[in-house]
Amino acid sequence: MKKVVISTGGGDAPGLNAVIYAVVHACYRRGWEVYGSRSGYGGFLDIDEMVRLTLRDVEGIYAIGGTILGSTNKGNPFAKPVENLAGEVQVVDISEKIMRNYRRLGFDCHIVIGGDGSLEIAHRFSQLGMNVIGVPKTIDNDLMITDRTFGFDTAVSTATNALDKLHSTAKSHDRVMVVEVMGRDSGWIALYSGISGGADVILIPEIPFDLDIVCQKIADNELRDKQYAIVVVAEGAAAKGGQVISKGRGEMGREEVVLGGVGEWVATEIRERIEKDTRSLVLGHLQRGGSPTTFDRLLSLRFGTAAVRLVEEGTYGHMVALSSSRMISVPLSDAIKGRKKVDLASDKILTARDIGICFGD
Amino acid sequence: MKKVVISTGGGDAPGLNAVIYAVVHACYRRGWEVYGSRSGYGGFLDIDEMVRLTLRDVEGIYAIGGTILGSTNKGNPFAKPVENLAGEVQVVDISEKIMRNYRRLGFDCHIVIGGDGSLEIAHRFSQLGMNVIGVPKTIDNDLMITDRTFGFDTAVSTATNALDKLHSTAKSHDRVMVVEVMGRDSGWIALYSGISGGADVILIPEIPFDLDIVCQKIADNELRDKQYAIVVVAEGAAAKGGQVISKGRGEMGREEVVLGGVGEWVATEIRERIEKDTRSLVLGHLQRGGSPTTFDRLLSLRFGTAAVRLVEEGTYGHMVALSSSRMISVPLSDAIKGRKKVDLASDKILTARDIGICFGD
Amino acid sequence: MKKVVISTGGGDAPGLNAVIYAVVHACYRRGWEVYGSRSGYGGFLDIDEMVRLTLRDVEGIYAIGGTILGSTNKGNPFAKPVENLAGEVQVVDISEKIMRNYRRLGFDCHIVIGGDGSLEIAHRFSQLGMNVIGVPKTIDNDLMITDRTFGFDTAVSTATNALDKLHSTAKSHDRVMVVEVMGRDSGWIALYSGISGGADVILIPEIPFDLDIVCQKIADNELRDKQYAIVVVAEGAAAKGGQVISKGRGEMGREEVVLGGVGEWVATEIRERIEKDTRSLVLGHLQRGGSPTTFDRLLSLRFGTAAVRLVEEGTYGHMVALSSSRMISVPLSDAIKGRKKVDLASDKILTARDIGICFGD
Amino acid sequence: MKKVVISTGGGDAPGLNAVIYAVVHACYRRGWEVYGSRSGYGGFLDIDEMVRLTLRDVEGIYAIGGTILGSTNKGNPFAKPVENLAGEVQVVDISEKIMRNYRRLGFDCHIVIGGDGSLEIAHRFSQLGMNVIGVPKTIDNDLMITDRTFGFDTAVSTATNALDKLHSTAKSHDRVMVVEVMGRDSGWIALYSGISGGADVILIPEIPFDLDIVCQKIADNELRDKQYAIVVVAEGAAAKGGQVISKGRGEMGREEVVLGGVGEWVATEIRERIEKDTRSLVLGHLQRGGSPTTFDRLLSLRFGTAAVRLVEEGTYGHMVALSSSRMISVPLSDAIKGRKKVDLASDKILTARDIGICFGD
């Protein structure tokens, strides 16, 4: 009999609940106990936040967005800002308290579902003696080790669906529609949704763009009597030669919107340069929500059960990953080495160019 | 045998194509000829823009957003800005040319699908001798005479679907999500989607709001351990006592975004006043696109065939309308008398309040 | 302070949970207590099945199909089959026990959500002294008094969506697709989904059909180079002159499938008579499930709060209903007088014929 | 300048149009001419069925199910049944005529999108001297060489969505729902949709099932107070020891339904053996229709452009395929060697078992 605890960290991604569902079921099947720590490490700090998870608790949640374990952006336990009575904020290390309670509660393993930040913290706890198994999570699909992360297919589907909706209006009204999608460091969502959603232009961080080329492409559309265009912009896309446009953001993902993002800027420039009626739209958090697609449900459930099989083997300090459609495990220390960029030589880029999509280069 | 021409005017609304489908089929069934004028009155100005419509041309279009008759915001023929060779813009009246071509082409009737602007223009042509039948269109549902306009149910469904998606993230991350929906003069989309999508707060033009009350409502959520909130804001909503917030817009719907809209303003205020992690999202043109819902398809098809029955009777100068689930006709002169506001005494408002929704009043 | 109990009876309909949500919220807003009786009258027979409902219990359920109050086809309390120790089944009247417990538990009112069967039973309890408010439910939309019942719009949307999917295959493969939808006594779902989903033929109980006319219609399609056809059949449709085709069904909704239904029969006949590749599909319970559409959510929430307002007024023995887009109440005794048939003179039938749909007559 | 012809063969699969879209765009980009042969080889037999494809012809079709090249089950040109004037049917070989016209029309290459049957025929034409490139198609995902075929993700999504809908009714009404999905030789759709849709039991051709074990699983559900169950059955699943149940089918896909399929049989057995209210549903052609998912759109577009790149290289007689997320090409002779069965040792089967799914073994 083992006693396992699971937690979720970082931003929302469709499929978090499906991973929890799989972990709970796989533990029950082995006769193990499984607990959930609310709000990341909350259950290690306040026993009321450490909840026993039963099959009934997870009934049907594989199909539901969000996480039943609640809010997760609670900061780094190794450097947590705490306010003292005098109202001053001090950064303290509460990792020792977490380790103490981890041991007191007698857990055999802590399954951490999180992005690079959460997994790095998990790795540090692993070094302190916690038995950790990681499950990779980011809707941006930009983790190095795993071929895919859950939530990505759902985010792409939401973005593609939005492009489908915008097409009819763009076409009926001879308009340029600029849609900003997620992707601060990589253009995965923009690339996949742009190809699938019939974009004319896709702007991604990996390819600095030239607005003159973008405008030329849109103007060329008219030569074959296509009076409209769809432009998909990753939030991290930037123009060549320093016209860097980006939303200012503070620490820990707290967003401070500065005069619109790159999508709005691109729309304004197109409107001015070629006098087309141009509108922009930011999809934002729509991409993080909703019921996971079939693809993401299956991937999440596979990740969850694979994590439990690692617990069974005692392969701690590892993360589950997808490699060529098989489940593998890699050391946590290897897991988070840089972001996976869109490979400009991949056939997806070739496909995009072949169906007439312009990258502004 | 009659010869009918159909045109679409104004902004996009899901169901335009379904009206066209119904008109074409109903004309064919009577052995009539039917034409489509592209780009509003474009076909009356350039014969290449006047196209014969066959059953094959409209195959399957009842399920598709947009309009096969193309871009429609081409201005008022009674006061059209035209650029002369010297580059000066003059306002000219081209209505006479349109009437002349209408007569030359031998049409018996012109079916105009449009909002209040297009229908007012149609009424003027009616007074000049054109046989006009109107079909009301606005996704805002704010026309006085008809109980419903097509496109509204689809817009509400899109907005509700977005709220469903945002719920999981809001809940998982203890966030306030502010969603700005369409409705410059009336709060129909905000009200319907807010009730159906589980909003905590709905702000509409008909009820000036007090941000303190809004913030209090969100803070009260925490009393029953609900750490998140969904706020739906119609773009025309305004705070009490003059804190008027609105996007600046120029002539003819050309949008000039001025520092974000009311949704972003509300989000900023909530963030500052009660220190909740608050995000805002503008649904924008997503609401105008996509395949029409079953409700909108049926309504559009009924409008289209009802219009043809009016042509058959020779009841020109009228508009079709829905009244207590029956198709009726009303004189065009009566059709566009003011906007239909949300009735504050209706049971929908009572329902909203009964399920705990706050209007900021 | 009032003490209210709510129950759900009969077949599933999207929106049941939304009614419950609205009742619970509206009661809380008034400071009342609200209970749910599981499995219809189960809570009046077994106290464990009578559950207190809190706001937390109903969180988010307005968007979810089914009913949190569980299985409902438990038979008529006035004539309930009970098995004795000898294994013999006797029909007993347990209404007195229910009345006794209703009084002991001190309820002020029982809100019953149900179809004609459940509402008739509710009416009998009303005559025995129970304070009853009815909420009408049937996805078939065939109740006399109310303009609409919840669940219908969702069922029609599911059927229309299925027709959309079948269209592409039918067209690509020159096939006739026959789709059997719900509607044993009336053709509402078939009519609405057939019009919205581009059917060529709609067969409903209100119009006995002639298969020769149906086949002629499909053959005529080929004259205008349309090699495929979509046929929508209500399960209660029947051929003229006695070729009655129906699924045999036993007591209490227990289905005994007898050699397929009318859809399969129609498909077989078409295949044989005009040698077209013809397939049939029964949508069945897909029509009863899923998240309610925006339309159904709003209607359900309005019904729920309207019911609580009737409790507030003490208007017992009544049912809420929708009449010309307003909430009204009618005596339960009037509520269930016969089924609402499709009005053959309505403009919906005219619309269907005008867009070329054949009813086989 | 090259001259390419494209054709589609066999059953419908979402994504066919997206492949055509990609081929046409990729050819235009190279300045090539591209034609479509309607109805499989129809364009080689009747010049009216050979159509020039322009960018305008394929506008927006990447998002639409079916194939614009029309009906495809027209039989094997090497052994085509032809009726003579006496009404006798003879089998003739028309391949020579096709080769002659292929050469006369001056095509450089014929891109064939099809399943194993179509690709085998294409291979024979390849041996006769036709330059052929194959694109693999089957919604069953059971081709050996390629990791995935397009249409599969859409079919699985449709099935999963149906399971989601049935869940609420099953749960609310304590029912067993048996859903029959496609898969005559392999259980891919059943496995993927069953895992993603929360099935209790999945029955696939690869695992002969024992109905006693299935019934035991459903009965065991009640031990943990789960009164309902979802059973997914692939149409080719069979009970152990010879209780072979299958739909009889005649030549050329013409279906002759014999007393229902395996789904209905399983439902009947469950109803009788454990006296649960059990219903069955056959999803049928719903799985072949509809707009392709984002995943399938991307895969189809990649296949289409990869095929054109093979034409560019002159790598004729090959088929494009997906291998570990890369596009590869394989000789047509290798392409169709047996069906890909579900690997019983794969982690997907482990995942299914770990989340409590029973395979009846």
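The chains carry the letters A, B, C and D, assigned in the order they are written, with residues numbered from 1 in each.
Following the convention adopted for this analysis, contacts are C-beta pairs under 8 Å (C-beta built on N, C-alpha and C of every residue); 3 or more make two chains touch, one makes a residue touch a chain.
A quick note: this is a predicted structure, and the numbers were derived from the prediction, not measured.
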{"item": "Reference chain C; chain at largest CA-centroid distance", "value": "A"}
{"item": "Type of chain C:chain D copy interface by residue overlap (half), same or different", "value": "same"}
{"item": "Centre-of-Cα separation between chain C and chain B, whole angstrom", "value": "32"}
{"item": "Rounded Å distance between chain A and chain C, as computed from the means of their C-alpha atoms", "value": "41"}
{"item": "Length of the line joining the C-alpha centres of chain C and chain D, rounded to whole Å", "value": "35"}
{"item": "Set of chain A residues in contact with two or more other chains", "value": "164, 167"}
{"item": "Every chain pair in contact, whichever chains are involved", "value": "A-B, A-D, B-C, C-D"}
{"item": "Chain A residues within the chain B interface of the complex", "value": "11-12, 14, 16, 64-67, 70-73, 158, 162, 164-169, 171-174, 177, 227, 254-255, 257, 259-260, 264, 277, 279, 281-282, 284-286, 288-290"}
{"item": "Chain D to chain A touching residues, read off their complex", "value": "21-22, 25-26, 28-29, 55-56, 59-60, 62-63, 147, 153, 156-157, 160, 164, 167, 192-193, 195-198, 224-226, 291, 293-295, 297-298, 301-302, 305-306, 308-309, 324-327, 347-348, 350-351, 353-356"}
